[in-house]
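In what follows, chain A forms one complex with chain B and a second complex with chain C.
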Partner chain A sequence: MAQTSRIFHAVRILFAVLGAAVVLFLFLNHSEQLDTPLMDYFTDDFLGQTGAQNSVAAIYLNYRVFDTLFEALMLMVSVMEVINVSWANKHAEQYRFEKDDFNRKNNSEIVIRMVGIIYPFVLLIGLYIIINGHVSPGGGFQGGAVLATALITRYLVYPNFDLDLHVLEKLEKFLFLSIVMTPVLYVFMQLQPADTTLTNQIYLVAMNSLIGMKVFSGLSIIFYRFVFYEGR
Partner chain B sequence: MFETFVLLTLLVLACVAVFSDNLRRSIIFLGAFSLTIALAYLHYSAPDVALAEAAIGVGLSTIMYLVALKKVSVYDICYVNEDVEVFDDRQINEIMNSIVRPLELFVERTEEIEPQLAYTNRSLEAVMREDDHDCMIHRKGNLTYIYGDTTDQVFQDIVANLNEIITDIEDIRVIYRDEVTLDGTD
Partner chain C sequence: MKPLDFITGEIVGILLFFIGLYGLMTKKTIVKTIMSMSIMESGIFLFYITINFTEGAVPPIGQAQEAAFVDPVPSALMITAIVIGIGVTAIGLTMFMHYKQKHGITHWSRNRNQTGSGH
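For the complex of A and B:
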């Protein structure tokens, strides 16, 4: 028995080495030079076509906006799954978060003071990343994640459950609907008042804000569900 | 040069995070790894990805892991030494290899609970009265006492394997807190 398993082991290793050798051989001998038609298409005139000064924003909000819709859908599905799983083993409504749970003595003084100082700046940079997403690096997802991080650091200072998660859940679904509708109307059906850079930029800022709000509410729901409905 | 440095740092941080004995240290190393990989993305001119990595990897997931760690069981060990005037890194380093690391390794590997060590130079009675530690190690002169409860399975395991865990100190006395009444003289 030990003998056969050793032979199988050797065969497996042999296959792995052979596979790696074939891949490396093909990779190193591959000398075909392709043109860059897609890159040229995306980077030639994105400012004129989409109004974005950041080519990444031009791609995910205009050229490839179809992908963005499914990314938003993916986040919403994972949020729904987290809610579903955390409902499965606990009666959520029976959970009580009493005032006495909150005990300031347990929290580090350093963390409380530092978070208090940093908090407004984190909010500011989150909003800046969202609103300036079409000009500078960033965008809805990154800004939303920064905002969610700000809300989560608030948990570190003040671990109380006074958020209404149901409102956030409703808001997230409504935002998903808006995220789907805006590009469908504006990009796919071309229902735009005028095809100028200004209208394009308004569309980009609106989309970034919607995505930012959605990512913010989604990540906050996941975190607060995880913290207050899971485990002890 | 910069590229090589960043990539090597990434490799080292990833290895340290995986092989670290303490989960909390692993999480901090993971955060450092995220920060370094954000720097690498920035070097490869992908500031958007770097921003996302910094927000998600350093901010969100680190806090998430720390909260998750807080929810799993933690075994709380307190090291009491009244002879020390001020507890600093030097004193901790002195007992690092003889007591702290073996005990941490045992609790982490064998019992699969997260160890947490605290050090104090307050008097044993005050610590016992005010704090609720699972296990206490009391050092008084050349004598070492270890305090715990009989009902505590982890403490029983520690006591049973004490000879293998702490090899440097021959003479350790085990005191069960729920069997012995402390009158303040000990």
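For the complex of A and C:
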């Protein structure tokens, strides 16, 4: 029995090594030079066509906005799954947060002081990345992740569950509706004035802010659910 | 060709993908399966981000044309893929906790009482 399992183990290792070798061989020995028509199209005149100085923002907010829509849907579905398909929902009485935990955690004084100083700057840089996402490196996803980091540092300082996750979940659903409606009206149906210089900027800033708030609420819901419900 | 020239992002990405595939094939712990899936995702991200690399290209921001732009398409694709990866990992871990609390299953095995992380 142990002999056969060892043989199977060796076969699996051999399979993985062989697969990696074949793919590496094919990758290193191909001589075909592929053109980059998508890159040429996207970097040709993105400032004139979309009003964004950041080409990546121009792609995920205007040229390929379908990607962003379905990514937002995917994040919302995963948040709904984390909230609703959980064993802790039906057994909530075992998962009640105890008030004494705050004293028993014995958090480091250095961490608490330093995080208290850093906290406003984390919020500030998150908002900066979101607002300036279309003129500099950054955007809604990155800024939302930085904002969620601010909530995680809040958990380090004050590990208490006084956050209403249902409000955040409702906010995320409403934000998803806005994220779907804004490009549908502005990009697909072309409901825009003749001179789109100003409205393009408004559209980009608004979409980046919506995506940033949505990623922020989604990541904080996932983090707080895992810390206070799943990890017990 | 120096030996360090072989260590490019694409090759490391392919190797990471197959390390994750090896973990998926051999490990019987559910948490290790989820970790292997994350490692495979990281390999795919690295492969896509470093693909079509050109020496001396500038970031695709603004209209400065003194040098060629970096390809922005893989970056824009991977931004969405990273967020989807977070969602997939969260779904997997929540389902694992549900099954563990309800049925006591922690391994891909018919033996319910199997414990430990050595598999």
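Quick notes on this one:
Quick note on the criterion: the second predicted complex is superposed on the first by the 183 of 232 C-alpha atoms of A that agree within 3 Å, B and C clash if a C-alpha of one lies under 4 Å from a C-alpha of the other, contacts with A are read in each partner's own complex, and residues count from 1 in each chain.
Throughout what follows, contacts are C-beta pairs under 8 Å (C-beta built on N, C-alpha and C of every residue); 3 or more make two chains touch, one makes a residue touch a chain.
The shown structure was predicted, so the numbers you read here are calculated from the model rather than taken from an experiment.
Once the two complexes are laid over each other on the shared chain, residue contacts for A:L204 go to neither chain B nor chain C. Looking at the shared chain after the overlay, A:I179 reaches neither chain B nor chain C.
Residue contacts after overlaying the shared chain place A:I129 against chain B, while chain C stays out of touching range.
In the superposed pair of complexes, A:G139 makes contact with chain B and with chain C alike. Residue contacts after overlaying the shared chain place A:M74 against chain C, while chain B stays out of touching range.
In the overlay built on the shared chain, the residue A:T149 is in contact with chain B alone; chain C does not reach it.
By the touch criterion defined above, A:V227 lies against chain B but remains apart from chain C after alignment on the C-alpha atoms of chain A. In the superposition on chain A, the chain among chain B and chain C reaching more residues of chain A is C.
In the overlay built on the shared chain, the residue A:I59 is in contact with chain C alone; chain B does not reach it.
Comparing the two interfaces of chain A, the one with chain B and the one with chain C have residues 54, 56, 137, 139, 141, 219, 226, 230 in common. Per the touch definition, chain B reaches chain A in the complex via residues 47-48, 50-52, 55-56, 59-60, 63-64, 67-68, 71-72. Interface residues of chain C facing chain A in the complex, by the touch rule stated above, are 10-11, 14-15, 18-19, 21-22, 25-26, 52, 59-63, 69, 71-73, 75-77, 79-80, 82-84, 86-88, 90-91, 93-95, 97-98, 101-102.
Only residues 54, 56, 129, 137-139, 141-142, 145-146, 148-149, 152-153, 155-156, 219, 223, 226-227, 230-232 of chain A touch chain B when the two sit together in their complex. Every residue of chain A that touches chain C in the complex is listed here, in rising order: 9, 12-13, 15-17, 19-20, 23-24, 27-28, 36, 38-39, 42-43, 46-47, 53-56, 59-60, 64, 67-68, 71, 74-75, 77-79, 81-82, 85-88, 91, 135-137, 139, 141, 215, 219, 222, 225-226, 230.
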